[in-house]
Structures are given as structure tokens and as C-alpha cells.
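As C-alpha cells, here come the structures.
Here come two complexes built around chain A, the first alongside chain B, the second alongside chain C.
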Partner chain A sequence: MARLSSQTTTHPSRRRTHTIDLFSRWSFLTPATVILVAVLAYPIIYTIVISFSELSLATFSPTSWVGLDHYIDALTNRNFLNSILVTGVYLLFALPIQMLLGFGTAFLMNAEWKGRGVVRALFLIPMVVAPVVAGGIWRQLLDPLWGAVNWFIGLFGAPALDWLGDPTLAMITIVLIDTWRWTPFVALIAAAAMLSLPSDVFEAARIDGANWWQTLTKVTIPLLTPIIAATFVVRWLGAVKMFDIVLASTKGGPGQATNVVNLYIYEEAFRGLHFAEASAMSVVVLVITMVLTAVFLRMSNKLEEKF
Partner chain B sequence: MSIAVRSHRTQKRTAHLVRIWAGVIVCLLFLFPVLWMVMTSFKLPKDIFTVPPTIFFTPTIETYTSYLQYADVPQRMLNTVIVAFGASIVSIVAGAMAGYALARIRIRGAATLGVLILASRGVPPIALAVPMFLVARNLGLADTHIVLILAYCSFLIPYVMWLLRGFFVALPKELEEAAQLDGCSRMGAFFRIIVPISLPGIVSALIFSVILAWEELLFALVLTNNFATTIPVAVAGIAGDTVNGANWGALAAVGTLTVIPVVIFALLVQKWLIRGMAEGATKG
Partner chain C sequence: MTHTLRKTARRAVIGGLLATAMVVVAGCSSGSAGAPEGGGVGTADKPVSIRMIANEAFANQWQELMVPEFNKDFPNIKVQIDGVPYAELLAKSMLDQTGAKPTYDVIIADDPWIPQLAQTGSLLDLKKDAKEWTADDYDWDDFYAAPLAAGEWDGVQYGVPVRSNLLLMFTNKKLYQDAGVPVPTDKLTWDEFFEQAPKLVRDTDGDGKDDVWATDTYFTRDSLTPTIWQTVLNSDGGQLLDKDNKPAFDNADGVKALQTQIDMIEFAPPGASTHGFNESLEAFRQGKVASLFMWGSVFKGTAVDTDTTTLTPDQVGIQVMPAGEKMAGAHRGIWSAAVSAKSPNAEAAWALTQWLSSKKGEVWQANKLGVFPARKSTLASTPEAGSEWLAPVFTALAEGFQVAGEGEMWRPRLPESDAVQQILATETARATSGEISAKEALDNAADQVEKLLG
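Our next item is the complex of A and B:
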């Protein structure tokens, strides 16, 4: 009996301390969870709901259920499929070029001399230029009539190029502007990573008589692999959001040549007022992005374990 | 023998010099567009539309004075400051607490939550823009600062959590244990011990958040149209203005005004900024 009563007295208090403990643990996560549910989870769910519904433009709310109609429309819409392809081409060129140039620039930046700090600080500047401003500056520089670039290449006898008016050149231009904006970002991360590499390994390679190519491929690149993978993931997460630069420079043109998917959906929703169709398209993009992000994260983690 | 050694040494020195100068030239190439924009902003149209481009000209602030009143740029600048700092402060407080929880407190499902948050950094903003616009409209919150601040939290909080989690994981465990022995609650230990020690990480997360929010365009285009509009929207408006023709001077002037504060800010805190980038990439 005594044992029983002691049990009934200690048990609630222990449960209370347990509850308080649980409360104190979760209290750290509460603010972020509440805000993210409101501005991230709820909008995604609402997008999915709208994508299966008809949306009334009188009340701006979903009305009747239409099943997969909007998805069928989206996946048979040539312009939408083209915009996915355009985004793919942009990513396929921009990301590897930025990684290569970034790591190359980092090597130059790390040369030891008294101006190194200044050079590194100056590389921060393009990185903080708002992408929309970057698009605007470059549109002026690349203008076929008055642009400084055409004047400059003209000095070497090159013909004036229609950087923003020719479909292929316009895509090259977009990659160029994006590369200008993001290479310094990759370079600064890479420079910090290269400086933190252990110097004794390079010393050993030198004593063993390795030439620079062997040192690069057998020592430097394997040591840098985790950071290359991590930087790639960060760049990927930024690049899939490509919107501002295209809007300010080519507006997706000429025709549909540089109409990246985010710009296309934006125009569909907020110029064409096809909110439901645009929602279905953004769900398609969301799924593709998530799958690829998961693949890249997994690959990056694998590489980090391996090296 | 000695000649061979010496020539090898000069070869090495030449290589080093080439490396330095190549770095300087690449740096100048990257800076050129920004310098060009600043120059253009001080030109009159007659100096802008010339072949070959004018390099020597009488600088004038005419574009600034005429365009600043017309486009209501000061108000948009103020809006940008309010929204960028508002969103960043909210995100730092919420994100730092959550990042700490993920790094240090054993919570069931914390690992899954961490992966979800990292994955959420890949959510394209366009997937959030439509419902945000509809809800903001129906709640009467469209074109307010608060709706933009909340919208920016959708990408800033995951970013801050991810960055600071790495920072907190690297701190020695004894810190909180000592604090808790001294009778601090978990929350007290966090704010009194962990936050002051992690200040470098928190500051760099804050800087990045302000810059990211400062430059954001898509949400600002969708969720505001006049009262709470930010400066990138003004830039996009001038860039896309086909009615008045190419107003290069205005674009350069407003572009310069957009960039200058961030550049000064970035140069002042460059140490933290670079460290934050390096940490962010390594401690995923």
C-alpha cells in the first residue's frame, strides 16, 4: 500500500518535469516552425490544391475540382516544356563554367603578395550587385548599337554582334551575365578552402618529384572534392531560381529563346492571370527540383565520405 | 649546375608574377561592368549614346536629381531597408534558435527535420508566389511591409538554420553543461552563453540575410505594387520600360544607388562575409 502511494505521488511530478523538459526542447523550434508552416508549407499545399482546381478571378479563390486537367495542359504546353529545356541548357552550361572559372580564379587570388587582401575584397563587389541590376548593366554593355562590348571587339575587326537579339547568342549572354555575377562567389569559397589545405601533403608530393599536373590531379583535386561538391550544391540551389537576370536583360526573348521556367510561370500567373495552370506548372518544377536536389545532396555526401 | 638552379628560380619567380598579374587583370575585368555603370550614371544622354564610348566627360548629377523625384526612389529605398532588416532580424532569431535545437538538443525527428529544411532551400519561389499573392490579397495584406517580411522568411530562415547549425555543432559541449550546472535554463544558457560566443557566425548570417533580402525581386514584384515596393522592383521597372525608350542614365543611377549601400556594407564586414561563405559551404 505504501509502495503504491509513493508511486502515485512521484509519478505525476516526474511526468510534469518530463513535460517541462519536452516543452523546453521544442520551444527552440517553435518560432521557426510556426513561421515556416505559414510561409512555406501552407503555400506549397495551397499551390497543390489550386493546381487541381478551377480558380475564380472574382474571389481569387479555388472553386471546383478539375482533377489533372491543368497538369495535362501544362505537360502538352510547348512553351512550358521549352522553358524547362531552356532552364536545363542554362544550368548545364552556367554551373560547370562557374565552377571551373571560380576555382581557377581562386588559384590566382591566392598568390602571395601584399595586394592579396585588396584583390579578395574587390571580388566581393560583383557578388553583391543585385541580379536585376546586373541584367540591366549588361544589357547596356552588350547593346548592338551603343554597347561598349561591340565597340571593343570591333577594334579587333570583329563584326557587331546582336548579343540579345539572336537566339543562340542570347542564351550565351544569359550564361555570361550569370557567370559574371556568380564566379566571384565560387572563387571566394574556393580560395578559403584552398588556403586551408594541409601544406605538408604538397611538400611530400614535391619531394616525391611530382610535376604540377600530377600534383593537381592526384593531390589538389581529391583534397578539394568535398568542397567542390558542397559549392556545387549551393550554386545549384541558387541557379534553379534564375529569374531576375533574364527579366532585366532579355525578358525571355528573342521569342522564347531565354524564357527560363520561373519567368515563364511568372508571366503565365501574373500577366496572363492563369493562376491554376501556373500552379500546376510550379508543382511540376517543384517536383523536378526536389528530385534533382536530393540526387545532388546524396552525391555530395557520398563524395564527402569517399575523400 | 648553378646556372640551371638560377634559371629554375627565375622561371619560378616569373610564374609567380604571371599569377599575380593574371589575378589583378581578372579582378579588373570583373569590376569593369560596375565601374561602367557608375560612370554612366554621371553622364548626360549625349555622352552615353556615343561610338566610341566616351571615357572623358564632364560628370553631372542631373540624372540623379531628375530621376530621384520622379520615380519616388527614396521611399523605395526606405522600404527596402525596412523589409531587408525586418526579415533578417526575424529570421536570425527564429533560425538561430532552431539551428541550435537541430545541432545540440536531442529531439525525435530532428534529423528528418534537418533534411527537410535543407531541401526547402531548393523550393523555387515561384511555387510560393501564387498562393502568397492570393492569400495576401484576400487578407488585405497586399502591398504591405509585413507581407514581404514574412515572404522573405520563407527562404531566409532555412538559410540561417542551415548556416548556424554548422556553427553550433562545432562549439564545445562543456559550455552548456557548465551553464546548466550554474542553474541556467536551456533557453537562458542559449542566450547568455551560446549566442555571445557564436556572434561571428550570427553576424555573418545576418549580413547574408540582409543582402539576400535587399536583392530579392520575385516576391517584391508579386506582393507589392506601390506603397511597399522595393528598389529592385524600381530597377526592373526602368529596365523593362519600353514606352519611354531606353533610359540608360536612370537605370545606371538607380542601379548605382541600389549597389552602393551593399558594397560599402560588404567591404566593411568582408572578414565575416568571407568566413560565413566558407563555413556555409563546408558545414552543410
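Our next item is the complex of A and C:
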């Protein structure tokens, strides 16, 4: 009975504490939730709604329900499918190159050598240049008529290249510009990760007689794997949004050689004024991105567990 | 007692709701009452403020130079001009005008945009709704038909030309003379152009590499790139769409026209397949190409302004584009000013638009800002001292407006105009880059356009 009495007296107080705790948590969460709903959920929901509707340009609101029509149109639109393919090709080359170069550069940045600080500071410049400016500057540098790059390679007897006019070279150029821009980001994360690796493990490897290669492959890389995986996911999420550099440097050309999916959707929406069709395309891209991101995150978690 | 109180409270609430509803209904009915009230042109005590949305390329120039000049005649109309990048201007104008209370009273629209804006019901019928505010001496018949038609859709005049333009041929006379090739005249044909072109690609410094070329223009993926072959098609008597708005370009005439543009790349500088407005213009201004197919409005910066060009007015020729089987070519590109039908100050907005497109406003704009006019009287006038460079431009424009009108040389006059142009841009770029043939490009484009216009 005494125990029962004690329980009946503690319950309300525990409930009150719980309520206060819940209230305080939500009071912190609410502003962020409201902002998120306003700036993220609302546009996404609106995009999904108009992707199933006809959009009246007179009222800028959905008029009639068209079901999956826009999705069928999108998935049978040769140019849209081509833009997804182009984006895939770009990602396939850009991401591995940036990861390799970024981590490679981080090794160099963490080693002791004269002038390292200056190089490290200069190395970050591409990251802070606005993408449209970067695209424009590279366009000038690579211009076959006026550009410094062709002039420079000409000094070694190399023929002038049409960097942005040849379809294959144009894609390589976009990958190069993006790599120039984002490798420092990967290197920065990698360098910080390397500094945080436990020194005792390396000490043990050295005592055990491990050489440089063995240390790299058996100790450093396994320890860095979760970081590499996480960096890859972060970089993937950034790279999949590729738009501005292409717009400023090639406008998606020559032909459709560099017409990445975001540029294609932008032009469909804001040049062609096909907002409903472009919304369906955006949803398709969103789904593809979410599925692939989930796969990458799962792989990343598995790697973290493994190492 | 309690019951009475509750009853009183309920009555108060119902009364309040009714009063609110009446205010709302009154507000709605006054807001939806047909033509706008106008708002007048302001007085010294009660000036009127209007806002204009325009291309950023000239918004500042207008704000700083044109507005003070306009205010000499209309001192009580305060004008604010917001410049927007070209790529965003249509979408922004549409979004604004489809709102319940648009921000902008005056909309500056590019050539193919009036139908799209008019379709939303957001533009004022200038000849009907603004008739009572139109000055007696505002001469509609003085406009060339082609530029005035840019502001018309479905039989209604929604806009008036305020900055006229035409796709014309520029020539570097010195490069023609140095190559021993006769300087072109307005009688030049496309056949003659291609006969001359190989002679204009030359190595001028003797290093074994060509350093001047015959021509340059839009080749990149840009909505204005197809305007080149569209003009060639029009010069041959063809049209992009037939009377039922079905594609009329996927035939031998269309292939010939597009092939003409593709063939030009052979005589253009390296990398020309990526050239658009800036690159081709720069190549011409630096004396690297003998001819340029470009908007006439760049003439001042190309031949007169020493800050932007290496050429002089004597060196630069301007004329209509080479003739095809029927006539010479000149593609129309008019910026029209339209007044928002929802503007509370529509009268003031029309006063500004009217002033800009009036004889007085056109002459002032042409001589002081180098803006191209659309009126016969202005193009027949003699440029003022200091603006003598306008004389050959006026001649080319007058001839250009004539052929553009006769050959209907403009982009499709439809609400889907930009979408059509976008399709043509993509397929044209695929052809100019060598990805597909001219025929494949036009067949693809025709399929897409047909589906779009349904």
C-alpha cells in the first residue's frame, strides 16, 4: 500500500517533468521546423502537386489533374533521358577523380615541407570563387582564339584544341573545371581526418616493421574509409546539383554534350515555361537522387561497421 | 439573463462577421471592376509612382538618363526601373503579372513575349482601354508595320515598340578590301557570300596560320541561334509554321537554310561552334572576322565607342542580311512596352510608354542614347550633330523593317513561342556541332514542335 501510494505520488511529477522536457525540446525545434516546412516541404509538395496537374500560366496554379501524363512524357522524352545520361557520365568521372586527388593532396598537405601553408591557403581559392565566375573565367582561358591555355600548350608544339566546341573534350573540360573547384573541399576534409587518426596505431605499425606502402594500405586507408565514404556522399550530393558551371561555360553544348539534367529542367521551366512538365522531371531526379543517396549511405554505414 | 447575454454576444459576432464580409465584398467588387481607374498623371502635391521591369542591359541607362528627360514633360510621375537579367525577365514578369497585385505597372517585353503575357489577361488593350489617355498627336500610322506588330496579339495592341532591333549584316570593309573582295552591298546574295568566304580566311602575319576569318555569328545552344537560319528560310520565301501553326520547316527549304548556317562555321574562327552573342561580337570588334550577323543595336559599341571596339565608323558597314531566292533578310527583335491591366496608375504608366514611343521620345532616344526607333518619320530624319553614325543605321533599319514585314521575319507569334525557340535551339546546336545532320535536326524539331502545339 505504501508502495502504491509512493507510485501514485511520483507518477504526476514524472509526467510533469516529462511534459516540461517535451515542451522545452519542441520550443527549440519549432522555429527550425516551421522554417524547414516553409522553405523546403512547401516547395517540394507544391512541385509534386503541379507535376500531376496542368498549370495555368494565367493564375500560376494547378487547374486540372492529369495523373501520370507528365511523368510518361518525361520518361519518353529523349532529351530529358539524354540529360540524365550526361549527368551520369559527368558524375562517373568527376567524383572518383576528385576523391583520389583530394585525398592524395591531403597526404601532401599534411607532410612537412617549406611553403606548405601558402600552398594550402592558395589551394582553397577555387572553392570560394562563385561557380558562374569560375565557368566564365575558364571559358575565356580555354577559348581557341584568345585563350591562354592553347597559347601555353602551343609553346610545346601542341596543336590548338577546341576545348568547349568538341563534344568529348567539352565533357572532359567540365569534369576538369569541377575537379579544379571541388578537389580542395575533399582535400580539406581528408587533411583534417588524417590529423585526427590515432598516432599509437601508426607507432605500433612502425614497431612491427611496416613499410610506407603497408602503412598506407593496411592502416591509413582502413582507418580513413568511413571518412572517405562520408566525404563521397557529401560530394555526391553537391555534384548531382551541377548547373552553374555548365551554364557559364558551355550552356549545355556543343549540341547536348554537356546538357546536365538540372540545366535541362531549368530551361524547360523558365525558358519553355513548362512548369508542370519540369516539375515531373524534378520529381524523377529527386527520386533517383534519394535512392542512390540511400544506397551510398548504406554502403557508408557498412564500411564504418567493417572498419 | 445568461441566455440574453449569449444571444447578444452571438448577435455581435454575427454582426461583426457581416460587416467584415461587406467590407471584403466591397473591396473585391471595386478591385474587379473592368478597366483600371487610371490614377492620373499626378500633381505637384500628389505625385504618382510607377515601376517598370526591364532588361538589366538597359534598365540603368533608362533610369539615369531617360527618366529625367521624361520628367521634364511629366514632373509628377516618379519612375523606378528594375533591371532583370534577360534569362529571368519573362518568368519574373509572368509571375508578377499573374499575382493579385502586381509590382510592375510597365513591362518591357522581348519580341515573342507579348502573346504569352497577353494570354494571362494581365495587359492593357492600348487602343481601347488607354484611348482616352492617348495624346491626339500620337501617330499610330507612323510606325513601320513590322515593329508595331511585335506588340500585337490576336488583333489587340498590347505593346508599343520602345527599343527596336533587327538582325543585320555587319562588314569590316578593310578586311574585304585587303582580301581583294568587293565590299558587300544590300544586293549581296547567299551564293555570293559563300563564293567570297574562302578568300576572306587569311594568314595576315605570315606565320602559316590563318588569323582572320570570313564570318561569325550565333552557333551555340541559344534561343537566338536558330534566328539565323530562320531568316535564310524567310529570305527564300519559307516560314517556320504554316497558317495552322504546323511545322513548315522540315523540308528541303528548311534543310537548305539550316545547312547555310552550318556551312558558315567552316569560314568562322576556331571554336565558333560555341560562339554566341559575346564571342562573335568580340571577334568582329577585334578585327578578326570580315562579316558578322548580329543585332543592329550593337553598332555603336562596334563602330563608334573607342572603349569597346578597335574599329571606326568608316570601317564598319551595316546592311540587311544576304538575299535568298525571294528577298533580303532581317530578323525582327523588338522590345515592346506594355501596361499592366491591374496597375492602379495605368494612366501614368501609359504616359511613360507613350512618351518613349512618341516621335519626340524616339528622336531623343536615338540621338542621345543610340536606341533604334520604329517610326518612319524618325528613320527618315537626319541624325543630330554628334550622332552622324546613325545615318547608315537608319538606312539599314528602314530597309530591314520593310523586308521583315514583307517576309514576316520574326519568331512565332504564339504563347508557346519561347518553347518553340528552345526546341529549335537544341536541335540547331546538335546540327552545328556535327552531332546530327541538318535534316535529322529539323525532323526532330518538327516532331517536338508539333507535339507542343498539338
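Observations, loosely collected:
Everything that follows uses one rule, which is that the second predicted complex is superposed on the first by the 283 of 307 C-alpha atoms of A that agree within 3 Å, B and C clash if a C-alpha of one lies under 4 Å from a C-alpha of the other, contacts with A are read in each partner's own complex, and residues count from 1 in each chain.
Methods note: a residue touches a chain if its C-beta (ideal position, glycine included) is under 8 Å from a C-beta of that chain, and two chains touch if they have at least 3 such contacts.
Quick caveat: nothing in here was measured; it's all calculated off a predicted structure.
Once chain A of one complex is fitted onto chain A of the other, the partner contacts of A:Val201 are absent, as it touches neither chain B nor chain C. Look at A:Trp151: by the touch rule set out above, it reaches chain B but stays clear of chain C.
Of the two partner chains placed around the shared chain by superposition, chain C is the only one that A:Leu164 touches, whereas chain B remains out of contact.
Of the two partner chains placed around the shared chain by superposition, neither chain B nor chain C is touched by A:Ile172. Contact with chain B, but none with chain C, is seen for A:Arg25 once the two complexes are overlaid on the shared chain. Taking chain B and chain C in turn and counting the residues of chain A each one touches, the greater count comes from B. Of the two partner chains placed around the shared chain by superposition, chain B and chain C are both touched by A:Phe60. Of the two partner chains, chain B is the only one that A:Val129 touches; chain C does not reach it. Of the two partner chains, both chain B and chain C are touched by A:Phe270. In the superposition on chain A, contact is made by A:Lys251 with both chain B and chain C.
Touched by chain B in one complex and by chain C in the other are residues 60, 143, 145-146, 251, 269-270 of chain A. The residues of chain B lying in touch with chain A in their complex are 16, 19-20, 22-24, 26-27, 30-31, 33-34, 36-37, 40, 48-53, 90, 93-95, 97-98, 100-101, 105-107, 113, 117-135, 137-138, 150-151, 153-154, 157-158, 161, 185-187, 190, 211, 214-215, 217-218, 221-222, 231-232, 235-236, 238-240, 246, 248, 251-252, 255, 258-259, 262-263, 265-267, 270, 273-275, 277-278, 280-282, 284. By the touch criterion given at the top, residues 24-29, 31-33, 35-36, 38-40, 42-44, 46-47, 50, 60-61, 105, 107-109, 111, 113, 115, 119-141, 143, 145-146, 148, 151, 180, 183-185, 188-189, 192-193, 226-227, 230-231, 233-234, 236-237, 240-241, 243-244, 247-249, 251, 261-262, 265-266, 269-270, 275, 278-279, 282-283, 285-286, 289-290, 293-294, 297, 300 of chain A touch chain B in their complex. Looking at the complex, you find that chain A touches chain C at residues 57-60, 79, 143-146, 160, 162-165, 167, 250-257, 259, 267-274. Across the complex, chain C meets chain A through its residues 87-88, 90-91, 94-95, 98-99, 116, 119-122, 220-223, 269-274, 276, 279, 282-283, 288, 415, 418-419, 421-423, 426, 429-430, 432-436.
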